[in-house]
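Presented sequentially are two complexes of chain A, the first with chain B as partner and the second with chain C.
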Partner chain A sequence: MPTSKRLYGNRLAILAPLATVVVLASLALAFFQAPIEADQGFSQKIIYIHVPLAITTLIGFIYGGICAIQYLRSGNPRDDLRSYTAIHQSLIFCIGALLTGMIWAKASWGQWWVWDEPTLVSFLIVFLLYCTYQPLRFSIEDPERQSRYAAVFAVVAGAFVPLNFIAVRLADPLIHPRVLGTAEGGLTNGMKPAFYLGILGALLLFFTLCRYEMANKHTRAQLKALKRRFGQDAPARAGRSSAPEVPAQ
Partner chain B sequence: MTETLPPNTGFVAAAYLVFVALLLIYVTIMSIRASRLERELDQLLRDEDEEVVVEAAVEETVSGEAGR
Partner chain C sequence: MSAPEQARATVPRSSQASVPRQVGTLAATRAVLGKELRLERRAPQTLVAMAIFSATAFVIFHFALQRDTLEGGLAAGVLWVTLTLAALLGIGRSFVADRDEGGLDGFLLAPVDRTALLAAKVLTLLVFLVAIELVAVPLFALLLLEPTPSAGQWLQLAAVLALADIGIAVIGTLVAAMAVRTRARDLITSILVLPLCIPLIIGASQASEPLLSAGTGGAPARWLAVLALYDLIFGLLAWALFDYLVED
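Right after this comes the complex of A and B.
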């Protein structure tokens, strides 16, 4: 069996091309099929990347919380790794959502950021909250305690995400549009296929990258275990790390 | 050429470039890590093969000497 196949398995080999095809199809639909919005013009095309990234971010944080609950129930380190990877990926997606949102804000409203807008500020609060996840892990040396405390954080923060989303929906919007589930969201029937395919593509990309990172961490743990078996110098845990300790099976 | 482009094209391009750049940076970092792992794993497998070959040669030598 080739080394690459041994490293990544079959699921990633299916997920990666599928995610690529769906993302490219959604971009093709966004640029060649979806109509140009009357109010905002061409800059509205940013919606097909900004909103899927934002939605995937929030789903990823919640998924990280669910995996953390599983870890607290089972004590299985794989669940801790899933939670860690999901939160790590969500943070990257969150940076993407914030940056694309800022560019869109500049194009539409003439400002990079609007501090009075609940949607923007609440999303920034969620981002800053999760920015403390890695330092929290890094501050705890004992791997078991690190995983437990990180799981509690992920559960509490994961519960905060939907509550925050509901609170923002209930608040009066200033200028940020409410795209999902509202009549005034501005999505015409011609825009919907590109938009929903964009969300599906972002979700597939998220889970592909999660799987990729997990495969990488898992392989590194297996390699260390193999090296130890062959009598080579490979410490079980090289100093302090924010990444969870992965069992080598 | 710019006359044919719709207004705000630069912003749209910038937004999509941010997404592509983020993805590329992440995938590059991960692929560097993965290729390092692949190299280490291949080295380990080669070491294991060499060990097996050496052990077989030693065994052969020992059994040859015992037969003499």
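Right after this comes the complex of A and C.
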């Protein structure tokens, strides 16, 4: 079986340093250049981490849904892998957004959890829904069916995300600072560069981690193929995995 | 009639007999729905369990909350938690008989649109939900609800129940079709249905809260619209995605 030399690594070699530089630059701007907010003081700085994480989470979940649609149309296992890694990484970012959101809530309202904060509550619901993605995959043995059902789940959940936000937001009085809506409400000019660079940094970090995970999966598949080529039997896996199997290129 | 004419007249009939007759989606839906209802009528299982569960849940809520009467938001919460969990029982049974007895394979072999199966299953679940609500909601009013709603409020509550039921039936069918092919069917059904139902429960309890409070408040139109939007979007999604769940 021919193995390709061109892995994901070469693009990773550009993406990873770029993500590092942008994330560090946005943090530097946030801590040293952006003004201290009058109301909340230093604790307001967490928005430069919290909001980018939250936005990236949502983009990641919806990207996972789009890849799932592509998988259902094409049947290409790579699309399934893309969808899987996007959802996997978004789930990790979602935990980050929830934790930073809780820290922010503690700092500005004095409580770790506030129910009348619609965005945070929406994130919890979305988190609970996507937590079922891995158990669902895990409970289906046939790999092809696993991918297909996971794709159906990813599309349904991707559509669920905006609907859930509408429902939760309508249910609660608005107290969350609208950082992006309402004509740039809340953000002064001094804060904007750090904020937008923060979003860019989180997105770059997200795609770097996705690529990294995909490169990992492909390398493993190639290693398995090489072992098979040199007469070794691929080691029998103990137990099943919820991750999609990729064919070696 | 001369011999060639007779031959011509018989040709279409014989060719018709060799090609399988195409059954319309509507007829197939009616057939599957009829099968489901007949099954439940001859060996009542799911409906009985759902009704008993609802009644027991009301008793449990009485003791757990230590309240003799409920009203407003608390009443809406108890009603919707009970109905959602009762629906979960029906959802869990939805495709089990078809898989165990080979009904699903039989359906897939038949030359009919797969949407018929989706429609029939959604309608079955809807019929089950309406049936247990006809028992559970009056029972709830009798046991726990203190200010009895007016006739107009009952009608509005029926509208809220219908809109929420459609959503639960669509989501339930989609998840049941997925979960029936997994190893941990019951676990997957519960953990998937509940988060997907949260927006429905938000809408339904917000809409029914004023109906269950003292006073003459009506259901806010905005929440009915949210429920209807949810039903519409998930209905379209289920229609688009169901084929992928029953492909093999």
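What we mean here is this: the second predicted complex is superposed on the first by the 223 of 249 C-alpha atoms of A that agree within 3 Å, B and C clash if a C-alpha of one lies under 4 Å from a C-alpha of the other, contacts with A are read in each partner's own complex, and residues count from 1 in each chain.
The rule is simple: a residue touches a chain if its C-beta (ideal position, glycine included) is under 8 Å from a C-beta of that chain, and two chains touch if they have at least 3 such contacts.
These figures come from a predicted structure and were not determined experimentally.
In the superposition on chain A, contact of A:106 is made with chain B only, not with chain C.
In the overlay built on the shared chain, the residue A:168 is in contact with chain C alone; chain B does not reach it.
In the superposition on chain A, contact of A:189 is made with neither chain B nor chain C.
Contacts of A:223 after superposition on the shared chain: chain B is touched, whereas chain C is not.
Shared-chain residue A:41: touches chain B; no touch with chain C.
Of the two partner chains, chain C is the only one that A:140 touches; chain B does not reach it. Taken together, the two complexes place no residue of chain A in contact with both chain B and chain C. Listing the residues of chain B that touch chain A in their complex gives 6-9, 11-12, 14-16, 18-19, 22-23, 26, 30, 33-34, 37-38, 40-42, 44-45, 47-48, 51. Per the touch definition, chain A reaches chain C in the complex via residues 72, 125, 128-129, 131-132, 135-136, 139-141, 145, 148-149, 151-153, 155-156, 159-160, 163-164, 166-168, 170-171.
Interface residues of chain C facing chain A in the complex, by the touch rule stated above, are 174, 178, 181-184, 187-188, 191-192, 195-196, 198-199, 202-203, 206, 222-223, 226, 229-230, 233-234, 237, 241, 244-245, 247-248.
Across the interface of their complex, chain B is touched by residues 3-4, 6-7, 27, 36, 41-43, 45-46, 49-50, 53, 92, 95-96, 99-100, 103-104, 106-107, 205, 209, 212-213, 216, 219-220, 223, 226-227, 230 of chain A.
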